[in-house]
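Each in structure tokens, the structures are laid out below.
Consider the two complexes below, in which subunit A is the common component and subunit B and subunit C are the respective partners.
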Partner chain A sequence: MFIRSFYYTFLQLIRQKTMLFWNLCFPLLLGTMYNVAFGGLAADEAFHAIPVAVVTTEVENDYGFSDTIRLLSEEGEDQFLDATFTTEEEAHSLLEKKEVIGILYGGSPITLTVSAEMTTFKLEQSILSAFVEQYNLNITAITDIAVNHPENLSDAIRQLGLKTDYLTETSYSDGNLDEKLTYFFNLIAMSCLYAYMSGIVAVTNSQANLSALGARRCISPVNKMLSLFAELCAGILYQFLCTATSLLYMIFVLKIDFGSELFYVLLAAFVGCTTGVSAGFFIGSFGKMSVGMKNGIMMAITMICSFLSGLMVGGMRILVAQICPWFNHVNPAALISDSFYALSVYRSHDRYFLNLATLLVLSALFYLGGFLLVRRKKYAAL
Partner chain B sequence: MQLFKAFFKIAKHNLPAISIYFLIYAAMTFLLGTTSQKNMDANFQSKALDICVIDEDHSTASEAVVAYLDSMHHLVEVENDPAVLQDYLYYRYISYVLTIPEGFEEKLLAGNTSELFTDVKIPGSSTGYFVDQQLSEYVQTLQLYVSGGYTLKDAISAVNTTLSEHEYVTSITFKQDTVSERKEIFYFYQYLPYIFTVLLISGLTPIILRFQEKEIHARISCSSEPFINRSFQIVLGSICYSLLTWLLFHVLATLVYGDSLFSTNALYAMLNSFAYLMVAVSITYFASSFAISDNVAHMIGNTIGLGMSFLCGGFVPQSMLSEGVLKVAKYLPMYWYLRANNMLAGFSKDAFDLHFYWTAIGIQLLFAAAFLAFALVASRMRRQNA
Partner chain C sequence: MNTPVIKIENLVKRYHELVALDHFNLEIEEGEIFGLLGPNGSGKTTTINCILSLLSYDKGSIQVFGKEMHPDSYDIKRQIGVVMQNVAVFDELTVYENIDYFCGLYVKDKTLRKQYVEEAIDFVGLNEFRKFYPKKLSGGLLRRLNIACGIAHKPKLIFLDEPTVAVDPQSRNKILEGILELNRQGATIIYTSHYMEEVEQICTRIAIMDKGKNLAIGTKEELKQMIKKSEIISVDILDIAEEDINAIRKLPHVYDVIFANHQLQVLCSGGKHNLIRVLDYLQSRDLSFGRVYSELPTLNDVFLEITGKELRD
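Let's turn to the complex of A and B:
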């Protein structure tokens, strides 16, 4: 009986075009869009030489300002500035057209002019401002030393000429730190949660007051628990196949880096689907609301969970961790995406298994609640 | 006006399903709007990053470095646990983790120029570069003073005096009124076209489709109401429906953003959103000229809404999209809407230009007219084939 119920539910599910769209096509589509849109995201974070206009004064001693600028504008890996030497009027017009980030004026001290309208280039403006500050700081220091300790001036100039390498860069993991990955992790998490639809279908099919099929089943001499269980299993398998297709598409076609352990990635997706079905089953078991209404409620819950886990705004997860730390430990979308994150960033699997265990506990609670709500129902009339 | 009344009866019937959409989108717009904005001052202030400093030296020199960083950035207290720090860094909640190891002060005083600190940052990022630059230069100046015969304390105070006494940066504006505006309002407008597209296609299409059902259409056609009147009432219904949606979001925006909704540039943005509303209505008409089911309408709405938003830079700024994507996006109406909005907000490299603004509005209206024409042709063809 189990196999028969399982088989027919599975057939019923794959024949529903709407579900196929949301569970299979939608994640594929969204994944492709993400890939198109986020293609340049990492490149945007990387440092590029900053375009500046340079206006030099006619004074004789500009403390080697022009030479410094030329040195910093030399093409190569360490190029810091992309300087255009020009007149004041021309510099202003370049700034107005937003072709340069700022105007550097030579002299003593050197100064910087930026446009208040270029709010999106705040970081570049700040880097320039730090450069100007530092340049002037060194000049002041040399002047101070020349005035107060002229005997040490040569030592100071020698110190200034030393090559510095104060910082040693380390990292906490060898994993990929590309922020756009979290969008894909969350997309798969959303796809797993879309399994709620199968859960709602399973419960609607088995409840006499929700569907004609349910009424027919009620009078058949089949163990209801068994057939319901078979339907839920079919739902999990169906969703897992959809999600796995999206995952494989992202890994092999879009070349998204989910880490090297494909088995664990798929396992996390499978557990995620189980939780999704259980949540749908639980909400589906509540009351006599129409299927549309239940779907609507679950859709809203899924979207809110996904939003709070970072489907639309990347850093949402940490914001939630600061405001309401426990929520990340019970939000299924956050747990699923965090499992992928743990796989891609950490060598050990502790955090990954903790997430899966929490998901399984959540699913167990949902299934238990659902079964308690649907068991031993009798109807005097329908 | 029977059809007009019937239109809103159907709309009322669909209200629960649509209001779920409406509430989700309203909540998301405002959440997105409030999370996206940071730093909007008119006077130049250096960009303050969120960084974490772990001081293991606890010396005069290390405290001076911490104080210096504190004066430029936000120092975030984070548990000194690599897993937690890694999470914060990964989700870009902090940009930089600096560790000042024991023995820092001795090395500094001895004139050592390598390996004074260890740091963790997003490899190759501008933010990392920025902090690296500030730190190295601060320490270099301290060493400069020390090598010039200053004591450490004197060196620190000399650097601090120079830093606090001078203003080297001037911030200028080329246009008077853009600066005082609050930018959040433009984030609100940035997400609005996505919401309009989805809400109108999934909300309005089912209503229009009811009138096209075979029997209902036949019944309406044999009534005494002239054809012009019938079409007029349905079009009027659609216009009222979309205007209501537009108004509702603007009422919400007034509650959240207050007066800044009515500053000059925001008014331009409002008109821009109205032009896009016309595009959304005409796309809806085009979609509903094919006999589709309500479910298919939802799918089409979401696909078109998300697709255009991603391709045209609704979710990810246009400046981050690749050239190729932008070339394709130029053939979509939302691209022009967003480009105008970015220009008004100052998000893009486009300088403010009214001529461009009106061109963008014009292109959107042309798109609207084109979709409407397609819709008319499609529905006529369908009727002839029926």
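Let's turn to the complex of A and C:
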């Protein structure tokens, strides 16, 4: 009986187009959109070479100004300037057309002209100004040393070539600290919690006071709890397959880093789906509310949990931890996404298993509550 | 004497202040097509749900196949088939899969189940639609699928709760023929409806229910004999004098005479040859008349006389 109930429930679930959209297509679409959005954000944040016009004379060439500019304009990952060597008249024309951000004049010292109208390029203007200042300081220092202490000139040039960092960057793990990952972790958490739909369907179809189908099954010579258990198992498997598909798509197509332990990632998703089904089962067991209303309540709970876990605003979980610390320890979405976080960033199994254990306790409580509500064999009214 | 298939004694079911079943008694014998006739809200479905152990009740006892019925009485449940008032099938399963699923709740043997499913599909005439999903079926075909899901496992006792509601005449006839065939195959059938014509057509015994009470029980002939009116003779006539009306009123078995809109209605209670006696009188008085027809009482007349209201009120 278990196998037949399991098989037919699974068959029904995979044929429900609405559920298939929410449980499979929606996470895939949202994941793709996140990827596009964050990809664009990264591109915006990348440094681009600053276009400048350069006006030089014969004398300046002797001091190596032109060579320095050419060196800094060489194409590559660390290209600093996009220089156009030109006449003063043409340089002003380029600045007016906003084709360059500033004009560098050779000489001693070198000077910079920028346009006050180009307000959106303040950062680039500041960078050029800092460059000019630093260049002039270095030239002055070299000239002074050459005149006053020529014996130290080679040491001075070597020192100027060195850059001293007084701060060192250290990492607590070899994991990925990319903040955008949390959005994908929360997306998978939300997908897991969408399993509530299967839980609601299972309980509605098995209770005589909730549907005609439930009544028909209650009058059959089959143990109600056994068939209900089979349906809940089918719901978990169905949702896990949907979530696993989304996960694999993100890992292998979108190249999102969920850590190197795929088995543990899938295990967290499986436990998350179990929690989702249990929550749906629990809410679905309540009285004679319509299925639509129960789905609405569960959708609202899922979205609130996901929001507070950081699905829409990256730092939300930290904010929740400051205001209401206990909530992150009972919020299923936060627990699921934190499991992925523990694997990907901390590479910590302790934290990962603590999250999974909490999810399993939550599931057990939901299942217990649900079974207490549906244990009746006769009803006062249908 | 055989043990009744169903025996209900003194059943009381209350929904808060409302008494849905009021000391209800019923016995149904094997092989019957038993009709539970009553208006909406009379307690027909509540009776069935109590028998099936879906509803709890306040007082009384219910025995099915001679045993007390409980939710865990799987041996009894295995012999029962139910066709619910509301269509109860899975939208995501095909016609074949739905019948196979519900049959599988009763029949474990795969080969036997396959045979039963095929026979059920044949029985309700859904052969051409076996791969259709319920949403693609018309109302009548959906009702037939609902029936097939309830009877595929060949139960000995079948409950049909208003199976022809919102069904086209063709499907209705098919369903009624099917019920008679199930009975011929040996099933005892309990049929609830507020369509008196259907009950009259197929039921061997009928109980008339109202307000949770069993008002009358018997064959349709027995029920009709319980009421005063047994025949209405209608005669189209241009005019008739008051003295003639009084004279007709004095004929044997006539208990009332009404003349309105050029039609004379003579209400008789029992007796034979009432029509001939009325026509003889009219001819003897040289009264010319047109169409003449005689109507026997219907179950609606029975219901009207017993409860004081129409069946579909």
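Side notes on the structure shown:
As a convention for this text, the second predicted complex is superposed on the first by the 254 of 382 C-alpha atoms of A that agree within 3 Å, B and C clash if a C-alpha of one lies under 4 Å from a C-alpha of the other, contacts with A are read in each partner's own complex, and residues count from 1 in each chain.
Throughout what follows, a contact is a pair of C-beta atoms (placed from the backbone, for glycine too) under 8 Å apart; a residue touches a chain by one contact, two chains touch by 3 or more.
What you see is a predicted model; the values in this text were computed from it and never measured.
Legend: residue contacts after superposition of the two complexes on their common chain; A:379 is shown touching subunit C, with no touch to subunit B.
In the superposed pair of complexes, A:212 makes contact with subunit C only, with no contact to subunit B. After overlaying the two complexes on the shared chain, residue contacts for A:324 are found with neither subunit B nor subunit C.
Of the two partner chains placed by superposition, only subunit C is touched by A:11; subunit B is not.
In the superposition on chain A, contact is made by A:220 with subunit C only, not with subunit B. Applying the stated contact rule after C-alpha superposition, one finds that A:137 touches subunit B and leaves subunit C untouched. Comparing subunit B with subunit C, the partner in contact with more residues of subunit A is B. In the superposition on chain A, A:111 contacts subunit B only, with no contact to subunit C.
Comparing the two complexes, no residue of subunit A contacts subunit B in one case and subunit C in the other. Listed in rising order, the residues of subunit B touching subunit A in the complex are 16-17, 20, 23-24, 28, 31-32, 35-36, 39-40, 42-44, 46-47, 82-83, 85-93, 111, 113-130, 132-137, 139-141, 143-145, 147-150, 158-159, 162-163, 166, 168-175, 178-179, 183, 295, 299, 302-303, 306-307, 310-311, 313, 315-317, 319-322, 325, 346-352.
Put simply, subunit A touches subunit C in their complex at residues 1, 4, 8, 11-13, 15-16, 205, 208, 211-213, 215-222, 377-382. Interface residues of subunit A facing subunit B in the complex, by the touch rule stated above, are 18, 21-22, 26, 29-30, 33-34, 36-41, 43-48, 95-98, 109-120, 122-127, 129-134, 136-138, 140-142, 144-145, 148-149, 151-153, 155-156, 158-160, 162-173, 177, 179, 182, 292-293, 296-297, 299-300, 303-304, 307, 310, 312-319, 321, 341, 345-346, 351. If you check the complex, the residues on subunit C that touch subunit A are 15, 49, 52-56, 71-72, 74-75, 77-78, 80, 82, 84-90, 92-93, 97, 101-102, 104-106, 149-150.
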